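Following this line, the structures themselves.
In what comes next, chain A is part of two complexes: it sits with chain B in the first one and with chain C in the second one.
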Partner chain A sequence: MTTREIANATVEVDDDGFFVDPTQWTEDMAPLLAEECGVPTPLTDKHWQVLHFMRDQYFDKGTGPTVRKLGKTSGVTVKELYQLFPKGPAKLAARCAGIPKPRGCV
Partner chain B sequence: MTGQPKKLVVLGAGTGGTLAANRIRKRFAESEVTIDVVDRDNRHIYQPGLLFIPFGLADPDEIVRPRDRQLRRGINYHLSGIESVDIDRQRVLLDNGSTLAYDVLLVATGAVLQPEETEGLAGPGRLDDVFTFYDLEGATALAERLESFDSGRLVINVVDMPIKCPVAPIEFAFLADWYFTENGVREDVTITYVTPLDGAFTKPTSSATLSSLLDEKNIELVTEFNTGEVDGVGRKLIGYDEREIPFDLAVVIPLHGGAPYVHNSPGLGDELGFVPTDKATLQSLVKPNIFVLGDAADLPASKAGSVAHFEGEVLVANIESFLAGEPLEATFDGHANCFIETGFSKALLIDFNYETEPLPGHYPGPLGLPLLKESKLNHLGKLMFQWFYWHGLLPGRDIPGIGAAMPTAGKDTGELVSAGTNREGTQ
Partner chain C sequence: MTDTSTALVETPEVADTPAAIEKVSIIISKGSLEEIYPGLIMANGARAEGIDVNVFFTFFGLDAVHKKRNEHIKVATVGNPGLHIPTWAGGLPGVSALMTKYMEHQIEGLDIPDIPEFVQMISDTGAGLYGCLASVDLFGLERDDLIDELDGIITVGEFYEMAAGGQIIFT
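The block that comes next holds the complex of A and B.
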């Protein structure tokens, strides 16, 4: 775990750059985080829809959803999710939304 | 207990439902607890056997037995699909029109294959050049196709996690290497293993071992591939990132979800149809009188028969506590173990739980089977396991030395790795 500066604030992140404390995240950080991890900017309404959905799910369930769950419940199809967050919607959206890395399956 | 017997209803007569019903029958008299078990057919498939069918190493007849015959006396078997569960009124509506009321419900309906959720996977090309070995129909048809396959590209693809027995697709790749070598055509066949994970397997230590084995056997590994479409006519996998992987023969493990009735039962399951479950007590998070065993649960454990087996002991103790109105004290540690066939009559064995990575050493103690290492002994263990499955595991017999909790006695714990570093199954 380490700290970093972003949008004039100091936040805690894990080794992969995911936020440790989602309450440290603010909306003006999202475009900066997106640029860092290869998400096309400027962020569109659909991006924001997914980011807010990720945060709601995290605060509700304690972990961000997988891409399949996102496709079923976020109102954005899996195909669109891969266009918005190429290479890995669940991980990249979690990073940009300032929530911890989603727990995977074994 | 006194008064009216308590009513236990068990949904599903697979590995988990059967062993749990049998253990509970042994523990309680019929005057204390009645047990009703429901399943939609009467064919209990020994699922580890499905891996061997495509290679002619097992016959379909050998791995199927009647479900009702695996249940002890004093258990009522209902042959019917399940329409829905009303978790507030505590009753199960069956497809045959009847209703079963319960005091305690055990959900053990496993995971179902959902090929229709991937574009093209249930369409043209299915059972021609696109197969799965995760059901009996697919495994049997694939046996015939493999017999005549003597050159070209074999692609093995896991669409997404979670899947049952996460090592089985890798075992399939290893056995295919052996099979084509035996048939003298290995040089004319390329084998490619395509996974959505960032390595060969979910757990870092075993992933490294399995990766080097894939390499040794000249099996190409493609990682972080998220299958968007299976084109059975153009014969290629198409990723969401537009990467394409051509094949002459594809063996695809479809998406998995919970049983269909879960979606018809308000409040019972999550988006994928799995039931939210306490990972230690196996009590559901939806109602205190609903427990969950095996693949039907949303636990962060492998969806595998060994997990259902190790859960059984904990589950029965907690159902007993629940019926007595006492706190649930038994806890499950996520213990799983798997034999991994590597071809040429050898196998690896891995043993792990929620917290501990698969370690080298021996199982279940210092004189046991070698862990994380290829050996003929493990292969024999895997073959002998079928006998134990029907005669020990399903009837609910305990075996000395093989307990629910993960053993550490024979392991090299110096290499202890925290499960906190697990590879992620999400994208």
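The block that comes next holds the complex of A and C.
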């Protein structure tokens, strides 16, 4: 665990860059985080739909959803998810949305 | 004369962290439920990590991408010590069907898709799905017998070309 500066704030992140405390996240951090982890920018409405869904799920269930759950419940299909976040939708959306990395095999 | 032997020993450079896996080619060669799911889970999980994936279905593994058979994949109840039932019991009529139903129920409970849906999902993640030409010929199959999502029927040589630079996982 380490601290870092982003969008004029100091936040705590784990070794892989995921937020430890999601309440430290603000929306203006998302585009910066996206650029860092290779998500195509500028972020589109669909990106934001996924990011907000990730956060809602996290605060509701204590963990972010896997790609399968995202595809079933976020309103964005698996195909689209991989276009939005080519290098792993659940993982990268969690990183940009300021929540810990979701755990789950499927 | 000075001893120079130590100077000849090269110290290999060791990276601090191993390089991340960037590509995997997964071979699914068997046709029972418990032998198809692991390969599919590994393929889907690799894509979720952003790893490039090709899945190669060969021999009885082709059943996973066979239009008429992929909905009827069974658990092998004979010669499967992991099930902890006597082999003679596993061979009784209906035992495989019953055990399959039970496993499917457990899998559904974990929100893991059934095999046709799972294969479709893996295709949607951008993974490449391929059938083995030798097996297709051996079983007398046509392209139409296999699901539309299959990206091609290829030779083993083509598979190795495709797998170049990545890891190969045989299941």
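By our rule, the second predicted complex is superposed on the first by the 104 of 106 C-alpha atoms of A that agree within 3 Å, B and C clash if a C-alpha of one lies under 4 Å from a C-alpha of the other, contacts with A are read in each partner's own complex, and residues count from 1 in each chain.
Here, a residue touches a chain if its C-beta (ideal position, glycine included) is under 8 Å from a C-beta of that chain, and two chains touch if they have at least 3 such contacts.
It should be emphasised that the depicted structure is a prediction, and the values quoted were computed from it without experimental measurement.
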| item | value |
| --- | --- |
| Chain B versus chain C as contact partner of A:Arg4, first or second or both or neither | neither |
| Partner chain in contact with A:Lys101 - chain B first, chain C second, else both or neither | first |
| Which superposed partner A:His52 touches (first chain B, second chain C, both, neither) | neither |
| Touched partner set for A:Gly88, first chain B, second chain C, both or neither | both |
| Partner chain(s) touched by A:Thr73 [first = chain B, second = chain C, both, neither] | first |
| Common ground on chain A, meaning residues reached by chain C in one complex and by chain B in the other | 66-69, 78-79, 82, 86-91, 105-106 |
| Footprint of chain A on chain B - complex, ascending | 160-162, 166, 202-203, 224, 226, 228, 240-241, 255, 270-272, 300-302, 422-427 |
| Chain C to chain A touching residues, read off their complex | 41, 44-45, 47-50, 110-113, 121, 124-126 |
| Complex contact set, residues of chain A against chain C | 66-69, 71, 77-79, 82, 86-92, 105-106 |
| Contact set on chain A toward chain B in their complex | 64-69, 72-73, 78-79, 82, 86-91, 101-106 |
